[in-house]
């Protein structure tokens, strides 16, 4: 089990007050807070090593290059990639998916080829495919959801077939919390020679990830959702696949030999990293991985399962509460979306903020899913390593207050 | 004049030693060091405000959004843009140029349309245009250089004509130091209805920039080359132009309304910022602009002109020194590329590093220009606000040592 | 955990009343202009219809969904401009926007609308209060002939 | 400002000698295999040609330009492998690479090549010392029939 009190002491922002109340940060699916170990690593780069990597023979440049490449190697180990060269640093998970939609998608897809997505994709794993489909004539197909918020696997088996070129699917829904059972989907896609991109933005921070065991071809995620700094995303790609892909962004570092009219491109992964990379943040991300590994990803998961089970129980006691996603905490991540009575999520969010409780209220970059759920938006509480039961209690207490403001007859049965 | 000793105290890394010697950092054209004011601003974001902007109603999200948008407004003021919405944050200058090559270029260029570049462009302002040209059938034309390293304006007048759609030109060469006289070029391009992209990666950090006076349509630059953190670039674009451009990267935030098969895109500039932006670094960049404004951009320029003049003089005393670019310090930036006797730049760089002097040795992401100069690479020393004459002296002293190692008969006439 | 007075300033009784019982909340059978707008952050949507008698707003109808502030603001707006000329409605809009954006002292002619001033303390919600008024501005502009054909977006959410 | 002893370790007299007077530094008139490689950081280029007599390297020629380390390493490599069989050359290459990459104690058969061990302390320059040897590996592979047609790149610079 995690020692939440000790962990909290590592996060300077958690000492802060919001409108005179303790900050209860439950917006972790959007971005997480940073432990001082990560902040210090960032400061250390700038105070001791800073230089443009890959371009210099001097000491600072050598040090920065080594630290940057060590971060890459660490990411590779963290997801059990075969080699460091399978890790491309991008600006965020969104840029990582765009890289695939562009460099793999535009080069590969032909009219009527099928791109299979699901009805729970984040805009980041939907809009790039809309654009690539429009450019190539490929067609989008969507795996629908069952009423409990899980993927309809029967439908998936009907949808994935010889026309399928890529299946792009999230490992965990940022709205429903659903953890998808990816292996059967991936095996199915591979049977038909399709590749599989996994959107790991919500899963990699919370669940131990092994790309070799998963058999996925691509995996995208963001450092800022796992204690790391902003401005760093990761695209993992199988080496053979990356190696066959043309560049996306072009400029310095991604080239091997430039002439006026044409260029030869560099090896993977540098072929995909044009210009000065965000090395300082990538190096600080290395420290975030250290932090998570010290906690242990299995302990992180266990903690969140327990906290989610507790939260589901407490919220179920609140009258008029409509909770989305699978009811079983072991089948979902620590992300709980709900609609409270007839109170608009935006209003709930504002009142909760007054209680110091930071939740997200909105469409969570999943507008079409909101339509399926038949709500304009939801309130979403999401957990991480520094959250405890006291945070869940603060949430439910504040919801009771919200009901009072709006004259909604909310009662907690046991609260 | 700048108080170099006082400025140095603001830069923690300058207290560091390299192999027992004072760090003499002369690799500023690659990236600059960061004052503690910037590092502290970065720490402050993470310790006090951090949340995903633009997506939340809670206090932290509001604060972060305000700080992020304030940074955008500050950048707009810094370059005298008409409005904050003309500033798009990207990962670096390279990504900013790619955005234009993609969203403007691919949508606009037709076969045989002409893209006019120059023989002094950085790969970042060359390779994206090669790719866009290959995709659209447009043709690249190059403005050649005169022997003193300035643009051949007669040739430019012959090259720019009715077929020209865009002129993409650097404001200052990162190899030669040449400061281009852009206004005549821009006026010429506009006469023919072409748009002009200015690569300001080297100029904006060193010379006061006024996009309205310049009449440029696009301007790209990087925060990390002007005391700011890594991972932040800027694309300035005239509002009317940006507003007509389709998106580049796709995902959260850049959309207005998403349906399963299609999406409507957000307003400018957010249309071009997909996913979670690198807000922490953008906010710290704001502090870098504060720092530069406190020094005064005119004082920065004046300081560099004087230092460059001094350095050109000292280097000219070194026997066997071949200096590239305009001889007049008022017509160039604080970037000096040279070739020393028959000693390969890589070797010079290594020996200088032993003296604590960090310079760049290589092709500086301008491989074809190296061929024009008929050298495999150059050594490049480049200055910023914390450099003084003592740094230049350290450089020339170390060059004398280099000659000794290689048995090259170097003598400084006055040293 | 008692609520802060500030929160009461936001959710004034009159606002909640408009939210629960919105006025003019139905489409018009015969509209001269129809416009819509949306706020992508929270998905608030407002569709507005106006019917004119000469230059005077003779009938108004609106629909949409969203948070209490956006819905109450739309309801209050519909009451406030009904019966006014286009120019008067525009003047009211300007006065309202000034109050919301700059925190300017409310114009006395704003009447009931003044209760929305409390929203000013919640920057992230200002867009909610302005949404209906922005759609009104589109509708007035459309009637004046500067219409943009497709539904215009309103403001980017904050 | 006297130079550090470490720097002398890098620029040993024998290295500078090879740099100034490179051996086998001319194209072969009749080559059995030709390969080239480049290091994008500093623009070092090595073009290598081998002529075989049975399995033995009967003639070697190289060209290119680059820093002292890359040029001296190419010169020394060319002397070291001339007259050896492909298998012997490959064994020498492996021993050299092990010494450079891992800092392993030099294999005694490396002879003069040992002077390049000092480069090991300059991580950024190791690629320079290895460039010629990587091209040799390509050439031996090409001869063995695993040739890749177009000029192969060598290592990404550091």
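Going in written order, the chains are labelled A, B, C and D, and every chain counts its residues from 1.
The working rule: a contact is a pair of C-beta atoms (placed from the backbone, for glycine too) under 8 Å apart; a residue touches a chain by one contact, two chains touch by 3 or more.
Computed from a predicted structure; not experimentally measured.
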Any chain in contact with chain A as well as chain B: C, D
Chain located farthest away, centre of chain D as origin (C-alpha): C
Whole-Å gap between the CA centroids of chain B and chain D: 37
Mean-CA-position distance for chain D and chain C (Å): 76
Separation of chain A from chain D, taking each centre as the mean of its C-alpha atoms, in whole Å: 46
Interface hub residues of chain A, defined as touching at least two other chains: 19, 55-57, 61, 255, 257, 346, 350, 361-362, 367
Where chain C touches two or more other chains, by residue: 41-42, 124-125
Complex interface listing, chain C residues touching chain B: 38, 40-42, 123-125, 153, 156-158
Residue numbers on chain C that touch chain A, as the complex places them: 1, 3-4, 6-7, 10-11, 16, 41-45, 65-69, 122, 124-125, 128
Contact set on chain A toward chain D in their complex: 54-57, 61-62, 65-66, 255-257, 264, 266-267, 270
Contact footprint of chain C on chain A as seen in their complex: 19, 343-347, 350-351, 354-355, 361-363, 367, 370, 376-377, 397-398, 401, 404-407
Residues on chain B engaged by chain A in the complex (per definition of touch): 12-13, 16, 18-19, 23, 25, 27, 30-31, 33-34, 38-39, 42-43, 46-52, 55-61, 91-95, 97-98, 101, 119, 122-124, 126-128, 130-131, 134, 140, 142, 222, 224, 229-233, 247, 249-255, 257-263, 274-281, 346, 349-350, 352-353, 357-362, 365, 367-368
